[in-house]
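One structure is given below, represented as structure tokens, and several questions about it will come after.
So that you can tell them apart, the chains are marked A, B, C, D, E and F in the order they are listed, and the count of residues begins at 1 in each.
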Amino acid sequence: MANERFERGWAKLMEVDGEGGQRVIDSLQDIAPDLGSYIVEFVFGEIYPRQGLDLKQRQLVTIASLATQGGCEPQLHVHINAALNVGLTPKEVIEAITHCVPYAGFPRALNAIFVAKRVFAERNVQVAN
Amino acid sequence: MANERFERGWAKLMEVDGEGGQRVIDSLQDIAPDLGSYIVEFVFGEIYPRQGLDLKQRQLVTIASLATQGGCEPQLHVHINAALNVGLTPKEVIEAITHCVPYAGFPRALNAIFVAKRVFAERNVQVAN
Amino acid sequence: MANERFERGWAKLMEVDGEGGQRVIDSLQDIAPDLGSYIVEFVFGEIYPRQGLDLKQRQLVTIASLATQGGCEPQLHVHINAALNVGLTPKEVIEAITHCVPYAGFPRALNAIFVAKRVFAERNVQVAN
Amino acid sequence: MANERFERGWAKLMEVDGEGGQRVIDSLQDIAPDLGSYIVEFVFGEIYPRQGLDLKQRQLVTIASLATQGGCEPQLHVHINAALNVGLTPKEVIEAITHCVPYAGFPRALNAIFVAKRVFAERNVQVAN
Amino acid sequence: MANERFERGWAKLMEVDGEGGQRVIDSLQDIAPDLGSYIVEFVFGEIYPRQGLDLKQRQLVTIASLATQGGCEPQLHVHINAALNVGLTPKEVIEAITHCVPYAGFPRALNAIFVAKRVFAERNVQVAN
Amino acid sequence: MANERFERGWAKLMEVDGEGGQRVIDSLQDIAPDLGSYIVEFVFGEIYPRQGLDLKQRQLVTIASLATQGGCEPQLHVHINAALNVGLTPKEVIEAITHCVPYAGFPRALNAIFVAKRVFAERNVQVAN
């Protein structure tokens, strides 16, 4: 059963985060492997597969939460990639961050925008107008 | 033109926040009326009418940002009402807050859930399973 | 197996948080019962039973984390009670909060101290000098 | 010498915070009296008497810091009173909070404005235009 | 009229932030140009030209807000430069950050001090004693 | 007397933070030397020598507070070293950070874990299972 949660979580992690997620789990192996397991089993095995919001909606929520807390640039890098992986457009990612301006202020939004800029460059995608 | 921005913003504020938004603007009149104008003109006159995300997506982002920062219970009260006003279901609101758990932790999510509980009771709506 | 995690978590929740924890889980039943299940299964079924730190050490960490983020007064109320339940003395609770002053500033520490003051009054305990 | 720091700090606390500051120190006596001593000796005995910024400038900084962190409404209540005590006008207090909007977002600013509104009502002062 | 706001904002941005501000606006052109427009029109066209606080007071507030939230080192770099541009002395900048210690804690203050150290080195200015 | 506080603080700083602490104080000499004095006299001369919690407990609290706020990677680097200096094991450090997951979320915990990973590599220590 623990295996079932892990397997469901791993499949979801691959679907959403792809390589970026695998790198995080791998980098935890020699220091805090259980933390990696919780990410697979709890975050991707229990939270992400829930009904009620689809993966595009979940990535909007994820990006808003990460942009708002600040100091989460590595996680934003993973999850802006994830947003594109599940079908959000670059423009929708930019819109979600822009929408955080009135709530979290310009500095938080700017920091997130510059992570998006780097992700889009790495993937060679552009923001259509 | 300032009038045009104000009018567009006021119409959008009424569509999204309704009475709860009006109460905030009214309560600022004798202390910081310009802050009320910025909410109308900038937040609802410029940010909310943007293309690229619809109002339901914007309210998912808003709720995630407010739940994540913490200490924004009054604003969550307005914007969980707003979420329902623009067509999100109670279940979708609960899902958005639940999805913040791995990113912002349980305490932030719990505080937001209990605001949602109050809003749903006030509006006499229930979370369908 | 899911049952095993729930049962282990519930026993741990009762040991640590007692009534205060049960009230939180109960209050989630009609709005977000799964959030209650995650608290039982993940937080108390997986994190709290881990090796390496005992329950007194875990409550020091919990109080420091909650006091530092701010806006977690309801959770501090539960976990300052929990700290006393697992054997920390009132003086140790006060010391942990005082130790956060240089890191999180006086306002966060003061807000936590006043929650402790309320908990100690409710339990009729005093800080020995 | 410790006495000298305490006395200098107490005099400064009375000058800046007045009654509101005394109430905080008093409320700590039976729970964490040393925390009160640190506020007197370190905050008001060492930081506030420093050269380089006058008390009005220091209260602008204090209000910006407290408004930005959020969840510091009790401390904002003390320090908006303190701002008026040292000669800032109600309008300058409102301006300082309004200036935080682009950096900390509207919710943090609104929460601080409503504390100012309460302080001004209690002191029966008005914001001149 | 929108042009008037933009022009007033651009002139103020140049006066306050100078080159550092222009670089931020430029870097947004290919990714989120509207975010740049909001910084010009709303932040520098509406907030900064307000009556009630002069530019030196506004930069004290800005530095306190950015230092307190943390994770805003790029923005602190721009705004510590801006503080010197509008006439604050290096000593006043250091004092403003030092004054945040009791409210935001030592780590936030240290991070901001080290940004100031870099800015002062780049501008070849020193903190007079 | 000020000397007595400074000397007690310096001895404690050396005991707890060692070289890492000295580097912070040194780096402040030409920019904000008083901030260094406050760290020595107040943080290490008054807070750390207090009764009620031993140094291992204090470092658990420190790590939890720093990991939770985010954006404190330089301070975490100093204090994870300090944790090992005063006798916490690498495993206890990892446990303390892992215990913050439910309260502060995964991103804050991951950022802290990767600082620990770097510290352990620099000291050539490993996490025993």
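Note that in this section a contact is a pair of C-beta atoms (placed from the backbone, for glycine too) under 8 Å apart; a residue touches a chain by one contact, two chains touch by 3 or more.
Quantities reported herein were computed from a predicted structural model and do not represent experimental measurements.
Chains that count as touching both chain A and chain E, per the definition above, are B, C, D, F. Counting hops only between chains that touch, chain B reaches chain D in a minimum of 1. Of all residue numbers used where chain D meets chain E, over half belong to both copies. The two sides are thus made of the same residues.
Using the average of C-alpha coordinates as each chain's centre, A ends up farthest from chain D. Of all the chains, the one whose CA centre sits at the greatest distance from that of chain B is F. A separation of 39 Å divides the Cα centre of chain A from that of chain D. Per-chain Cα centroids separate chain A from chain B by 23 Å.
Distance between chain C and chain D, defined via averaged C-alpha coordinates, is recorded as 30 Å. Chain E has residues 34, 38-39, 42-43, 50, 66, 69-72, 75, 94, 98, 101-108 in contact with two or more other chains. With chains as nodes and touching pairs as edges, the resulting graph is complete, every pair of chains being joined.
Contact residues on chain D toward chain E in their complex (touch as defined above): 39, 42-43, 47, 50-53, 57-58, 60-69, 72, 75, 91-92, 94-96, 98-104.
Those residues of chain B that touch chain E in the complex are listed here as 1-2, 34, 38, 42, 46, 50. In the complex of the two chains, the chain F residues touching chain B come out as 101-108.
Interface of chain F with chain A (complex): residues 70-71, 94, 97-98, 101, 105-111, 113-114, 116-117, 120, 127.
Chain C makes touch with chain B in their complex at residues 24, 27-28, 30-32, 34-35, 38-39, 43, 66, 69-72, 74-75.
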